[in-house]
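What follows is a structure written as structure tokens; I'll ask about it next.
Each chain gets a letter, A, B and C, in the order it is written, and its residues are counted from 1.
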Amino acid sequence: MQEWIQLLIDGVTIGGVYAVIALGYTLVYGVLRMINFAHGELFMMGAFTGFYTLTAFENNTSLNDSAPVLTIAVAIMMGMVVAVVLALVMERVAYRPLRRAPRLAPLISAIGVSILLRNIMLRVTNAQGKVYPKVFPRTALQIGEVRVLYVQIFLLVLSLLFLVLLYLFIQRTKAGVAIRAVAEDRDTASLMGINVDRTIMTTFAVGAALAGAAGVVYGMFVTTATSGMGFIPGIKAFTAAVLGGIGSVPGAMAGGYLLGITEALSTKFFGAQYKDVVAFVLLVAVLIFRPWGIFGKREDKRA
Amino acid sequence: MKMGSRARSRMLLVGGMLATLTLVFAACSSGTSSTDKTSTAAAGGGGKTPAAGVTSAATSATGSAGAITIKKGDKIKIGISTTLTTDNAQLGIPIQDAALLAIKTKGTIKGFAIEGDSQDDQCAGPASVTAANKLIADGVVAVVGPMCSGGAVAALDPYSKANMLVVSASATNPSVTAQGKKDFFRTAWNDATQGAEMAKYAYTTLSKKNVVLVNDQSTYGKGLMDVFKASFTGLGGKVAGEEAVTVGEKDFSPIVTKIKSANPDMVVFGGFIAEGAVLVRQLKEAGVTAAFMGADGIADQKFIDQAGGAAEGAYVSRGPKPTDTKLYDAFAAAYKAAYGKDAGQFTEQSSDATNIILMAIDKVATVDGSGNLIIDRQKLIDAVKTTSYAGASGQIDFDAKGDRKVVGAVNEIDQVKNGKLTRIQ
Amino acid sequence: MSTPGWLSALSSALDPGRYWARAARQLETSPAGAMVVRYGQYAVLPLLAIAGGLGPSYFGIRGTFAILVVVMYALLRSRSGIFGLAVLAAMLVYLPHRMDTFERGIMFDIALYALLGIGLNVVVGYAGLLDLGYVAFFASGAYLYALVSAPRYGGGFDVGTSFWIILPLAMLLAGLMGIVLGVPVLRLRGDYLAIVTLGFGEIIRIMINNQDGVTNGPIGVFSIPKPHFGSTELSGPFELYFVVLVGCFVAAFATERIRDSRVGRAWEAIREDEDVASSMGVNTTAYKLMAFAIGAAIGGAGGAVYSAKQSAVFPTDFNLDVSINVLALVIIGGMGNVRGVILGAMLLIGLPEVLRDFSINVAFIHLDNLGADYRLVIFGAALVAVMVLRPEGLLPSRRRQAEFEQAELLETELAT
């Protein structure tokens, strides 16, 4: 029994990460009808930023020991900033010129950006992982046989917080309304006076900030940052977004957690080596039987 | 748009030309292709041609699979195929350094200087083949490497076609010698030996009866765990589970949870540093009290560093060491003096491999009338076959398949004590 | 808002094809010049034969290769298309005889990727189906030959059949897989299709890696025997390179013929607008599956030859990077166009090797081993650059070229 609970917690942890990354996918898809293949790389860059920030603190100050809350907060902020800047550059250079191009073009451009970012970091690190300095204590909360690391709880709570904040942002703020309008009908929104370019930039920025922050905290959880760490989570997050209904914020959340838990539980039955297979089979099944996802609307059934 | 017939006649024309050209060139080249394998970069051979910033590899040695000729004044090149990028470079670069040190120590052979030519084989099949082709084209006399088992299996195809002497310090999977290539030897033990030694130690010395095996789905890791399983169950032990991790993944939580509920005496890991460190750390964080044992793939200080203290108490099986440590200590001291670092895993085997090659070259090389050095490749291989060498990793003799004989050395077992690998057997 | 003017101007300035075409047009204005343009083309072949012969001495094999690629590209862009093909033929058949082992290995890789590109071109270029899991078909062909012919100790079943019998079987198996993998994705478009096919590619690799009983898992299959042609053993990249070359030619011929037939027109209709096509009565299901099957069969053939050349295969050889490489060369070379695919293969596989040891040491920029280490960085940048500056690819088919010029015209009209 204890094992099930532990697996559940493991699944919810990674599920939260998928959910936060999925939000970025779903938002961008909503406004641009395009999958930003390079979104996972923003997560990866966040993790590296966290590493470099915390290492800088470690080498030049003793703040990591005396004021860890401060250094972690700064690391998360830096992660968000770097991810946002990257995303805006990406949008301007690789996607905006292709807005009216045939639909294959932005997708391939995105693939190109993904390859570019991954391999730049590969070269910079000489293909070796970077180990985080010890900032977050690796102690755990133990209830019976079930053990949860405090940093894991932090990740869980942060993910939920982001999801809630984003939901409120989309529903309650002016920028959020603009995003929803552009997602619904771009030309009409522009006729109504909404600055479409700026709205799209905001969308990218918000999604990126979330992914970047998640990257930092995930980096602290697994204590390493590698250049390839964003790619598979990126694809899984896309699966999660589709599962929940692409274009829907609650959908991305639900999809993320569902995927994470399914993965963790499947490890028990099929072994860890088939984890990715389970995720893809789930994706195919959803796309065949219920392509609009859990929270999606029936008419939006294709790309 | 009626392109049909025009396109067809075009294709026929091109096809005809292609066929004609093929026949013509096949006829012309049948006499020249097999022996002329050098690239002539500029009139007079040797040297690099600067043209639009593109340099091409020049060979100063000419020769085929029969014998290699090194012109007077040129250097004897020893190829080093090892992993220079990716996480496994942590093991690969020291292998290169040890080989280079042995080359430098030897100095010259019959008045010819020696130099090393390193190529990155990325611990994978295709890249090892590319590295092999590059080394062959560069005209090396022999090769130290490849580093990884999968790479070695694939690379032996071009190497054996060129009758190139290949001695590996670290490719340990049984499949490498199972191919029966006559030009390959290794100064590392076949994993059939290593796995059995590990199982023996775990069962007999440490009295562990119930284990879980974890492999990293690489040729090396999976192979090692298969051997361990066979030996361990043969001795009477029980394997409570077999898990696999994916190289590059950072979160093994579900596997750790499974291991915890299986409650073994020991977790045995076949794989490399990065994954080993993550596994041992997460096991400790989850409160798993079982002992941990790994093999040469994680035998490096980096493993301890990346695990962040969780590696304390872990056992590492490191492979052959001499019964009398004098030779090893001398090597380790020389390595430290040259590079300022401790001699890591495989370095002594790499040094031994290089020395065996150099000794064999010394034995069979002859100087001809014009002062050139001639080395017959087959004679070189035969010389290595009959080698009996007291090396830094122990007494080395090779069996008929090219494997290192088990006698002459003991399996070193280390334990992580106070953050350092400390020998306990 | 489109690409900035300066960027378009720069890319036009760097395009050799444009100069050639412009020069030809200018020459033609005078009667003498017109004669030169018309008949000078026939001198190309002997001139290039000489260049191919002397070039290696002055520029090195790799320099010659690079120069010939550029010349070929210029010719293909201009009206001397057929002589561009002649250059191609000469280069591909003649140069390997002058190369060393390493360079021959690279030529094999170029030819193999070109073959895979021709196969993927059917799926992506002709039918417009974005397939990111092409490596699955490559893997199935490779593993079929490997498992059937390798000895027991190598992980195979040692059936002892000839390579030439297994080759068509590999194509058949791959083709069937193409249909099997195509059925679930029939309803998917664009991005979804891409991700799902990517997933399939990964699933195949993971299955191969874990079904130890059949495939020998991570240990791989080794000691795969070489094919024999009559009495000669086709033992190395050099001999097998010519096998692949012939395969490329056959595949190119066959696929271009199919493209010019009714099937090809159906594909074009599906590519342009699937809904309209199906409402006009085109059986989209059948034609899509046909595209998958044909593309897959070519991939399977490539896999079998790869297996034979490598003599050892591992699941890690068949990862996502292979699919992405093939896609990149199809896109950058020019979608829907065999010549573009071949150019793409030469550029993306060949040039990084030419640049393998090339270093840049300018001011504070210090990069070593440009081709070897930075290859993928350059790939990624090239993909983006080509998409933004020239989405139709470097050597688009004439129809594509027209399409894109139309679209650009429309765009500038709307903007003004």
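Basically, a contact is a pair of C-beta atoms (placed from the backbone, for glycine too) under 8 Å apart; a residue touches a chain by one contact, two chains touch by 3 or more.
Model, not experiment: these values are computed from the prediction.
In this assembly, the chain whose C-alpha centre lies farthest from chain A is B.
The chain pair A-C and the chain pair A-B differ in C-beta contact count, and the higher one is A-C. Distance between chain centres (mean CA atoms), chain A to chain C: 33 Å.
Averaging Cα coordinates per chain places chain A and chain B 38 Å apart.
Counting partner chains per residue, chain A has residues 273, 276 touching two or more of them.
Counting partner chains per residue, chain C shows two or more touched chains at residues 209-210, 373. Chain contacts: chain B has residues 85, 217, 244 touching two or more partner chains. Put simply, chain C touches chain A in their complex at residues 1-3, 124, 128, 130, 184-185, 187-196, 198-200, 202-203, 206-207, 209-210, 324, 327-328, 331, 373-374, 376-377, 379-384, 387-388, 391, 407, 411. Those residues of chain B lying in contact with chain A across their complex are 85-87, 89-90, 217, 243-246, 248-255, 257-258, 260-261, 274, 278, 281, 285-287, 305-306, 308.
Residues 3-4, 7-8, 10-11, 13-15, 17-18, 21-22, 25, 28-29, 32-33, 37-43, 49, 51-57, 59, 85, 120, 124-126, 129-130, 133-134, 136-138, 150, 153-154, 157-158, 161-162, 173, 175, 178-180, 215, 217-219, 221-223, 244 of chain B are the ones that touch chain C when the two sit in their complex.
The touching residues of chain A, counted against chain B in their complex, run 2-3, 6-7, 10-11, 13-14, 126-129, 131, 134, 138, 140, 142, 145, 147, 149, 221-224, 226, 228-229, 232, 263-264, 267-268, 271-273, 275-276. Interface residues of chain A, counted against chain C in their complex, comprise 34-35, 93-94, 96-109, 111-120, 122-123, 235, 238-239, 242, 273-274, 276-277, 279-281, 283-284, 287-288, 291, 302-303.
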